[in-house]
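Common to both upcoming complexes is chain A, partnered first by chain B, then by chain C.
Up next is the complex of A and B:
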């Protein structure tokens, strides 16, 4: 009798509907609730962007079907440049992040360094995009850390030079920022796949077989592991690409202004005092959607090409494709990426404490706390909003996720493929395309409830991550514990609350910390859903990044980073005191 | 009235293929032993009895506990206690917490007294507040037994319950479990690979064949 045959999901015998407990009823309804919560806002948002895009906007006395919005866009100076900038920065940053991820995996696949790299990079995941952009901006600016470190002994610069970074017209700064944020995400997603007990073990032993057959480690990875691994990384990659092509914070803080990327321009149109620009903005949102789709298709097409191109080389018997050389290159790149990140964080911290700091000194002349005391006095409201909205959205997300996962076990069948795909809908549809429509809609229905709108819009983005983070632990619970509890007479609700939830205490807290981090970092949803009336640390940080003093900006970026870390520290500490298992 | 567990005209299927068919009557205090190679359907039989038959399996037939048909009842209303080869103690609860989880509701003080007494009877006096993971394998097995018995089951299933214990411990634990079954006059079904288990059970032996 194998162990596997015993680890079958727990099934309760089918009970006639009249005997469902309140608990079973709620649980069974939860997947529908989840779908409603995700599909309706995204679809309604899209509809309410489509209608104005084609000229239907009763609020502006426009009810004639027209293409005025699109015509206005095509007449916008520099529109092709904007589109090119969006596509270029999105595609290149995703591609580089993907490439480095794969190289790191290939080179360190069997090495203990993989976990060191994972530990070094994973904190980046929870740093909000705005804070990361601010930190990167400081690093590459003409008077930033890099140029200070090479001046004047190498560069001969006595004064800050006239550099093109950030805000360079080619979007290189954007690409650097996006790549650094996407790389940890893709790497952790891939490691998550490899951490699946069955699959990870299989892939590792297959890799070993290839090594025994004389393949060099790198080639073994590309020919044996990658073909099985890639399909499981596809969804995160596409989500990254969709996000990168339509992101707002990075281009806003690091990108050029003349012209900006398409997404940034659309946002400016939407926020313009001239409401008639909203028609144009809606058309722009549709254009953005099309561009994102094109990028996704380009990526999928590239996949096909790679497949055709490399299919034969998988079995051509070549066992070493310059492995040693690429190994060295990867070590250099990895070191470079990690030092780049560390350096930008150091720069950020230095700026937040800096008094007078003359170029090209690598350290400030004086350290002061002034910027913190000033900023902390101003940010009371924003801080409260950030935490309150974050906790509300995360609590809802955790509750819905747990109920859905329980529904899966209660019904003894996994969520349908459609449902699992739709959970990731808000990550795949560019938020700029449906959030505006959602705002129109919310202004029609409940224009007073700015707080509620913000919580709700955050939920859309928190839910997928919380689900992603909790699902594997929930599904991996040994079902025999539930069976034992049931055989001891515990009804499903008791099993859920007294057995499963305590056993999942640590993963639930981690998911909650992740949810909080995602909520803390939301810029566009906060700005749009509240109509600019609710400010959070992130909206303040983005507003300050353009213009205000570098020191204040640094303080806001650091607070942005500290908040999610507090969440993770709590998630790490609490399980040591509650529901602890002696083994853990 | 004597308690009994009765399996009537059971046919178990994996997909469409028949795994086993069974007709058995177990009286209180008796232990029916089921042996058979892997894949012969022993686990599925137990899963069917406790009401957790996985998808892909189906069954025809009925199970009567004390002459009540429980075939359609959900798992937690069947009052069938199970001992697995792993003790499966809940790590987030203490030893006493594990047992209290299983006991019917009641006066808190009385419940605690009962737990202490029961622990003392099986040689675990003073262990109530210990963490289950810190107990030895044999101690864990005894706590699991106690947890099951204090849930006041009306029948007991044993799923290779001693296979992870070493020889001496195995004999002692087995003796303890069997004596409890006889004391409480509960009908029991044991699945095992081990001939000495079957011998010690001293009851009817059914050997399943591999499904073709």
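Up next is the complex of A and C:
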């Protein structure tokens, strides 16, 4: 960074340093600030998990280094089962989500359906994992929506049958939940890549050329578009894989418990009354880290294999690989996925209004507002906290992101590869592995500032998404506006605030809505950083999903979904309103 | 004092305390003490004013949550205390928090002021010296529990509380069933096994890491030893002895080996929590279930969370019973405020309101004869819901085994059934 800053960009040369020094100084420091904010908590969190893992825990009067924690883990009944379940569900769900994403892209690449599908699926992105798990559970349980729709006229079931979903021992329910949740994320990431003007245009025209050369659309996509597209999707895919291998909410709500996945088990050890289990839990967190690394390596190895196997087929000139057949399959799968999602949402809404609803009735006996009135009466504080924390974390994230992107343009040099990788750090390192350590650290620094701790922890997860969402728009800004302004004598601060930010109004709002959505959905960071003293809609929803009433948890899940939607609607409506008034 | 029925050890405690009160408490020093303690209490109340008390309590039941909100309103009006209910999914979260604070040398500014606790969580916290001691026994309202004659408020699962916990309520294991599918529910453990064999997949219990699941296993263990020798029965009330452990647990495993294949999901998956069990009853996946707070059943029917055909009953071979408490961590930031709240929770008005079926229905820990007639009148109730447990349904109470059995049962269970084949 220091080398780069010596080479001043041409356009600013005429401006005396004094006129922009305060702004430039803040801007130049911001990438360092960004890195500090992301690296220190993650690394420190890891260290504070690593120490107890090797037996150093003064609180438990243990200060001798030992491998007891790891030995205890290897003696845990069913440990291989747990690891296998984590790996299997993580890898398979990511692979299926990736496969469906690619198939949808390939089949609908030139069709207007692509945007319809995008619009149908993207709301899923902002649904918190816990809410999605609850909705999926409603659908696939033996007494769930599907079973009710076919009973008793088809199935003869008067009482709920014995079934295996959810909680099936193979983790299929987890895979269904994770796949549905990760698919929209990957699809949007891919579409984001294709939306980059240069690249998108290039790929589309190359695709057209391939079509003209007689390739079937599917083959053209796989041979022409995918090889350029995939490298840009790699990081999001790895983030999905890392998340899926160590997630807690989905396996907790949908997974088996004899035994559960490794991440869930670790969380239970951390929360166990027997405090000595904490050593074992810390060792488990390290094991989880290793497993996630192995999965990432397996994926990268798979990439290499694909590369070796399919390299030649790219240029073998075969025009069609059963395109029509795969096209039909994809249409069927897409329809199935979308109707599955819609049906689970319908189930969720029905439960939130349901009076008595005995199996096998497909509809409740009566519809009541009781669950909403009761929940709304109790959720005031949680609602306020959710919004307040979300806005604080998002505001900080956007400020830092904008400054970093401005630094990039002032220095006329993109962020280094390492920096770009580090932005993904909180998404790549399983949160279960560093959050518990982070809590110990926060205890040392600021044990009374629960709100601050929560905002800070949320920032870790909000920042990457906000950065990813804003970066492409910022880099795409037409530089000529700034150049004109600068040549008229406007200092960089003025260019930034009066030229660039107004042009970025819509993308900033979208990034803000995304940041809010991510913050609203955080469960573990909120719970751990605040010591449970700060309740949000999500912490309440997970507590209720494991507690009391299906109807109340449906209400909370719906409010969890509605909150981010409000954010996105505002982000969508405001620019239209402003531009309209500007035009008039 | 239902706890004293049917258990020799508790009778011994009672006698011991009666003796103690005769020989040591009948002194004139008592009067001086009373005056001193009044002054002390006034000081505590003075410090408590305007404090914000963070009450960490399980938050899975809307009825209990509303009751705590009611308490918050009361203590705000009476003592200007701002009571904040920190809703936990599991009490152990608060235990972890206090431990993390101790690890970070935060010995005076803890984030937990008051915690709803009993059994294994209490045993852990007291073992690691994480609780403030010698305060509960000085609360002005503690006298209404008749502590000298009532071991239920001074012993938590057989461990002396030493003033670390103030009693809050009592609960007993209550069973409930769907009367639309079951005509006569099984009333003993043996009948339960037979019934489950005839109705496969319609009964199960939460995984024993859950409080209620463990309670079912303790109920089974206690009942299975009902005809054992006194020597063996006594061992259940003491710290687990490594030598006799296997022998004592053997009948339980034998019982579970026969029961499990008949359970929901054939015993290869267990419910994560007691609340999930209630949902499964509503889904008609299960027909028979149990709970530790009998009042939640009619309340759940009133909220449509359970079908109206649900009926509650108590097992004829005994109901496992225990007391639940509130405690203050050693590093609580607002200990005076927490004590005033604990004292308010023990007041006849708060206890009577809590016992009303439509509020929470949790049984009081106060002993009627210590109360003035006007206070006693607060406790008389009327109309019962068809799904509620009939008054006096509990014929026999069973005492909780020593908390060390929890770990022994859990380890054994995990090794035998924790990994499904």
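We take it that the second predicted complex is superposed on the first by the 557 of 584 C-alpha atoms of A that agree within 3 Å, B and C clash if a C-alpha of one lies under 4 Å from a C-alpha of the other, contacts with A are read in each partner's own complex, and residues count from 1 in each chain.
Note that a contact is a pair of C-beta atoms (placed from the backbone, for glycine too) under 8 Å apart; a residue touches a chain by one contact, two chains touch by 3 or more.
A quick note: this is a predicted structure, and the numbers were derived from the prediction, not measured.
Peer 1: Using the superposition on chain A described above, determine whether A:356 touches chain B (first), chain C (second), both, or neither.
Peer 2: The second partner, chain C, only.
Peer 1: Could you say whether A:320 touches chain B, chain C, both of them, or neither, answering first, second, both or neither?
Peer 2: A:320 sits against neither chain B nor chain C.
Peer 1: For A:492, select first, second, both or neither according to whether it touches chain B, chain C, the two together, or no partner.
Peer 2: After superposition on chain A, A:492 lies in contact with chain B alone.
Peer 1: In the three-chain superposition, say which chain, chain B or chain C, touches more residues of chain A.
Peer 2: Of chain B and chain C, more residues of chain A lie in contact with C.
Peer 1: Which partner chains sit in contact with A:271 here, chain B, chain C, both or neither? Use first/second/both/neither.
Peer 2: second
Peer 1: Just checking: does A:551 make contact with chain B only, chain C only, both, or neither of them? Give me first, second, both or neither.
Peer 2: In the superposition, A:551 contacts chain C only.
Peer 1: For chain A, which residues count as touching chain C in their complex?
Peer 2: Touching chain C from chain A are residues 57-60, 77-78, 81, 141-143, 159-160, 162, 164, 167, 169, 252, 256-259, 268, 270-275, 278, 354-359, 368, 370-371, 374, 378, 439-440, 443-444, 447-448, 450, 527, 531-533, 535, 539-540, 542-544, 546-552.
Peer 1: For the complex, which residues does chain B have touching chain A?
Peer 2: Against chain A, chain B makes touches at 38, 42-43, 47, 50-55, 72-82, 84, 86, 88, 90-93, 101-102, 104, 131-134, 147-148, 151, 153, 159-160, 193.
Peer 1: What part of chain C is in contact with chain A in the complex they form?
Peer 2: Touch residues, chain C against chain A: 54, 56, 59-62, 65-66, 69, 84, 86-90, 92-97, 99-104, 106, 109, 111-112, 120-121, 124, 128, 181, 200-201, 207, 209, 264-266, 268-270, 272-273, 275-276, 278-279, 282-285, 287, 300, 303-305, 307-308, 333, 407, 414-415, 417-420.
Peer 1: Please name which positions on chain A make contact with chain B in the complex.
Peer 2: 1-2, 5-6, 8-15, 412-413, 478, 480-481, 483-492, 494-495, 498-499, 502-503, 505, 579-584
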